[in-house]
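Below you'll find the structures, each written out as structure tokens.
Heads up, the next two complexes both have chain A, just with different partners, chain B and then chain C.
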Partner chain A sequence: MAAGGGSGVPPDRSGPADAPDSPRIGVDEWVASVEGKRERYTGLRGRLTREWDHLPPPARVLVFAIPAAIFPLVTTEGNLFRYGLFTLIYALLALGLNIVVGFAGLLDLGYIAFFGCGAYLYAILASPQFGYHWQAEAAIPVIVLGTAIVGLLVGLPSRRLFGDYLAILTLFFGQAFVIFVNNANRISFPFVGHTDLTGGSNGIANIDPFNFFGYKITTTRQQYYFLLIGVSVFLVLLMFVNDSRTGRAWRALREDPLAAEVMSIPVNRLKLLAFVCGAAAAGFTGAIYGTIATAALPGDYDVGLLITIYAIMILGGFGSIMGIVVGAIIVSSVPELLRSSANARPLFYGAILLALLVKIRPWRLLAAELGGLVAFGFVVHAIAEAAYPRLVDGKALGSGTVAHALDHWMLLPQHPVKIADFAYISLIAAVVVYPQLSRLWRALLLAPLLYLVMFVWENLLLVQIGGATRLVLLGALLVALMNVRPQGLFGTATVEIV
Partner chain B sequence: MSDSKLLELQEVDKSFGGLRVIAELDLVVREHEIVSVIGPNGAGKTTLFNLITGIYRPDSGEIRFQDRNIVGLAPHKITELGIARTFQTLRLFLNMTVKENVMAAEYGHTKVGVVRSMLRTPGARREEKEIHRVAEEKLSFFGDRLMGYRWDQPAYSLSYANRRRLEIARAMATQARILLLDEPAAGMNPRETHEITELIGTLRDVGGYTILVIEHDMHVVEGISDRVVALDHGVKIAEGSFEAVATDPRVVEAYLGLRTAETK
Partner chain C sequence: MNWSLFFDLTVSGLTLGSLYALIALGYSMVYGILKLLNFAHGDVYMIGAFVGWYTLHALGGPLNPTISGAAVLFVMFIVSMLGCGVLGVAIERFAYRPLRNAPRIAPLISALGVSIFLQNSALLIFGASFRDYDTFDLIGVKTFSVGQLFFSVTQLLTVVVAVLLMVALTIFVARSRLGKAMRSTSFDREAASMMGIDVDRVIAVTFFIGSALAGAAGVMFGLVFGQIYHYMGFIAGLKGFTAAVLGGIGSIPGAMVGGLIVGLAESYATGYLPQGSTFQNLYVFALLIAVILIRPSGLFGTAAIQKV
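Up next, the complex of A and B:
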């Protein structure tokens, strides 16, 4: 048994052999070989993850940075602004939050306030508001230090808190910040008296571009490359720190604060450190955002952005550095892509098809469902054409073969508003009831349900694609993902207790 | 036996509300000794560990380690001085790898700060190498159990017995001089219990640790102890060799209850 089992032990990482004089208390090769087989992925996926794990951090960053560096060369200035800049800003913000939430496990809901602090500090130091026009090489260190100090001040009273209590306290801070910048134009400050510090609800406009030793970063392309360098450097720093004494201590206190404390880790100090590091990163990002937006407005630093950043982290996986980059790309680009119906339709149908492919096994059942759906559509269309022609007198939005084909399959009334609203509400009810049904009924009703989904999509959602729909879709995407992979795309599932 | 006192408790008292859990407890652990603490459930054994490691603060009394009063120090400071413990209910960092669990415990005696780690300076690299070396050394103490490919597996994938071993390895990595083991043989089968008994001896003889251990399994206690201390309701009711304590009428009474009138 021992000999046969021993050969199954993966050979690539056997560790040093026991020195002859060190104590040997029992050998369990059988358990080792069985667990070894179970724990290792085989095939392509296993090879890819192993290769990836063996890459040094700078090389991993290049995997992301090289395509990102090529992106501006193949796209227009407008696309670069909409997709590129915001993806990078989101990525930088989420990476900073990842230190606090992902590594140290502190639920910080006031994070966006540090981002706002950075933007407002830069606006004060480099805009006509006070007439200061600092060079970027001087302003950025001051801002990073300044937000780090704010982080320290917020962290000090909350360093003994965990979980919900910390969340509430930081949420209060985040809201207090928004109220402060909204009103700081008419507050009397000590020593100074009445000053217009933040411009109130009008914000501070005409913020200077970054000016490094006389070299100004003005065009979108320059800003993009500056951000890309910032994100890449930050990624490497994070990977280094994650694999260091401090990173391990952060993860240890996330796992079990009491055990960490007893294992010589100063828990309170490390929590504070995580808070300060996150705040500094957010402040840096805020300064960059200030120059890109050329204005600091209180509305930009509210809960909406906080939710977006958390969505990125949830999508990418808490604690996973590269996952967060991917999450930022998805969360910032999907709503932009969905702005036009030409992009939205293939994305929508593609997502449905993908979900069906993943969820329905075996393939015969999938083929039957898809066939049933097509047949169901034609039958409904035929019945409507004969009995109630007003349901089919419209045309599908857009042009092309898909739109053309839909004209003969989907119910497309000329004036869909009323019936589409009714269908929308029925759809919500149906989606709630559907998972409660038995297996057989679910199989039978899947085709009508999908048809209803598509009906609502074609007649209601697609028309309003520029507005609320894309956000509804993004929300649906997140909910669906959380059901399928609670740990996020690249996160590892954590085990609470075994 | 050398008489240098490593750990000394003097008249330590601890109450929770009105309940007195530890009452005027005196205890001495000398260098290179293995001392077992026994007693029925609720006798205050684990509270004793929590007091020594600084999780609780005694209401009165002194706890001296290497002739220094450690009452009031933060737990991580006490661990840095050289007292490390394991938990009765295992408290590993479950989602970290086996090796990382041990490496995390080396925080106290390493120095490189967050900025130097971010820049990965030569000094940081050197220290990181040393951390790896120490972790591997501590893990190799357990034979093949925690070696090789297991280093990179999450701690939750370990068997129960291996988790207990990993907790001991983690405590060793803090560079402790005294190990406080809270029921190291709990939940183990007879063979594993036998191994643990041997291991505790090796920890003292080869590793040079002083050991204070809470244990319920009397075979283990008999096999390892230089001295046994029996607690009941927070009071030390007996102390001495295993034979003396095990036959002490008060210990028997604490475990089995008072004899009824009929048997008198």
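Up next, the complex of A and C:
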């Protein structure tokens, strides 16, 4: 079904919905795949792809694992915790999810609950909550088995359901999990009586570090290497599974369940297997997360994380294993970089400039637009200074030449709350209306629109950079990516046959 | 059996149910036409509640409104419905229309993106604190009684407005030209477009109506429960979807009946089942799972025949 790995869909959002390039309707599948292969294997890029495809899986993993192993040697403990650990945890989670969604094509929106199950199980088995302090070599198999059984139970309905119904059912399971752990300290169980199983909204604190036969994994560095080994082993396993009989059967199931069933593939068993494998991987990751966070809190296992993990998988491309690792690196490190305004500002403006470079041709038009933007800013600033001095009495966040230059160019009120909210809503409206305009108007109004974007950024988004902004940007990014490239960065477009 | 408790639960169940029915209608209509699960619908409902709140305060607030209380309510409903309708059309235009021929998972992801975008935009603009509708100051605390059923004014208003909207929708879909076009588009989109129906326009209208109903539901929520917050759309969206599935997704009367059943079930679960006030959502989800497993096409739905 794969064709044109690198070619992709040109980013034309304003075109009609069924432009001739979106899925390639009407091309014979075999012809398309040959065409795609030919296209893929030309030039320098093609050679690299070919070399990459011929590497054995362990060698491919080394390409990722060696730089990752060097990373702790060149960075501080704090950076390792912020960038390294979370990237690896996200990668492990997304790889597990990839088995269910990417390989088998079952939309599982309750995946984070398995992650939470793992963390809570470890917290119960190794913390002062019940006084158990299990060794890791005993606890991990129990946890993996336990979450796998939960996965089996949740997966059972998948034999009858498909598509959206399965999605909604698993989403409910995820919600039910959060409600349960939030309130399980208040209910009494049959036979046992009243027990505080999960600590309610306070969670379970003081979780033990992993203890393998007396060797404790306590420092960030040890945890990092433990995770790295886990991710690498998992990657190799997945690559072998991908090429195995089961892997091919899963792909067949994803592409067309009915045809797969007709070809005597045991569809139900494969669906359950995918659920169980995904759940086990999530449970394992959850146990690791439990030791790293040293606490299991119900808020950690909510929809926010689910969307982050989906964003990783989508960014990487469904079913593409190394793509997911790249996606995990991008999604976990970009928001961390965005945390300080010193990093966030260049990233944001850089992204806008890049988008303009890609979208606007010829060069002269782009230069004119940017010049117009600068002039527009000075004019607006001058008018505001003369007429409404309250609009310019503030200062840009941060220090340095850029912030200094912005003071003289951008409207920066000292109390921006109301006007910034208004600007934000008008920005959304403007972005909605803008593509409907004629070419001339679009060219004329681009500079004011960009100025509005920058105004909102400086006065609202940058102020709340630690909170809602990152999720707003993530949401917008998901929508934009689906518009431009529905198959993800490294995924392959499917050919639709009519 | 304690009848007065039963009647109280029934009344609050009916109120909740009419809210859920309005939300479910949006899900169901969109699903019927596009086969798309519009995850952002719950957040449109939340935005509707906030638009209502801002309208209320633009008109002088609940304590000393510039026009009479009934007129304030009317304007709140109208502004919120219009605003949400436009928002729905914009969402469709941006997040779903470009993906109409993409793989099935793409619009779903896009919908998740819109949902998280709306929710956090609300957090950005409205803040994390609760907002009060102060209904009592606006329209007082009168109660009506019909036999043993005790209604408060807001509950009665909610049920009546919901019923009026649903009747209007039913007549619109059954009688008008556009309604006919909607039905045929949902029956077979390609065939409809070959018959000269402007499918894009029909879809836009569907989104407008569905989102407007969600906006009305948002205002009703504010009136009945008093407080609104940026996260309220998620759970309500789930319940609305439950109602739509329960009634048979794609079916308009199904969504109405499904909404009432979900509302009543939640209310009775709160009153009668063990630990009901904590776990009422779990009981509702369990009901949905049972329905999906026993009768996946819902109460009013028809089993889809898959052509090969």
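Quick note on the criterion: the second predicted complex is superposed on the first by the 427 of 498 C-alpha atoms of A that agree within 3 Å, B and C clash if a C-alpha of one lies under 4 Å from a C-alpha of the other, contacts with A are read in each partner's own complex, and residues count from 1 in each chain.
Here is the rule we use: a residue touches a chain if its C-beta (ideal position, glycine included) is under 8 Å from a C-beta of that chain, and two chains touch if they have at least 3 such contacts.
Please read these numbers as outputs of a predicted model, since none were measured by experiment.
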Now for A:N483: first (chain B), second (chain C), both, or neither, which partner does it touch? second
Counting only touches as set out at the top, which of chain B and chain C does A:R364 meet: first, second, both, neither? neither
Have a look at where A:P266 lands relative to chain B and chain C in the superposition and call it first, second, both or neither. first
Tell me the contact category for A:I314 with respect to chain B and chain C: first, second, both or neither. second
Of the two partner chains, chain B (first) and chain C (second), which one does A:K418 touch, if any: first, second, both, or neither? neither
In the superposed arrangement, does A:R45 touch chain B (first), chain C (second), both or neither? neither
With the two complexes superposed on chain A, say which partner A:L258 touches: chain B (first), chain C (second), both, or neither. both
Which of chain B and chain C A:T246 touches, first, second, both or neither: first
Looking at chain A, which of its residues have contacts with both chain B and chain C? 13, 18, 22-23, 25, 258, 494, 496
Given the complex with chain A, which residues does chain B contribute to the contact? 53, 55, 74-76, 79-80, 84-85, 87, 91-96, 100, 103-110, 112-114, 117-120, 124, 127-128, 131, 136, 140-145, 147-154, 156-157, 159, 170-171, 174, 195, 198-199, 202, 206
Touching chain B in the complex, chain A uses residues 9-10, 13-16, 18-19, 22-29, 31-32, 35-36, 39, 237, 240-241, 244-249, 251-252, 255-256, 258-267, 273, 277, 492, 494-498
Please name which positions on chain C make contact with chain A in the complex. 31, 35, 37, 90, 93-95, 97-110, 112-121, 123-125, 200, 234-235, 238, 241, 245, 275, 278-279, 281-282, 285, 288-289, 292-293, 296, 306, 308
Within their complex, state which residues of chain A touch chain C. 13, 17-18, 22-23, 25, 101, 107, 157, 160-161, 163-165, 167-169, 171-172, 175-176, 179-180, 183, 186-187, 258, 303-304, 307, 310, 314, 318, 421, 424-425, 428, 432, 460-461, 464, 467-469, 471-472, 474-479, 482-483, 486-487, 494, 496
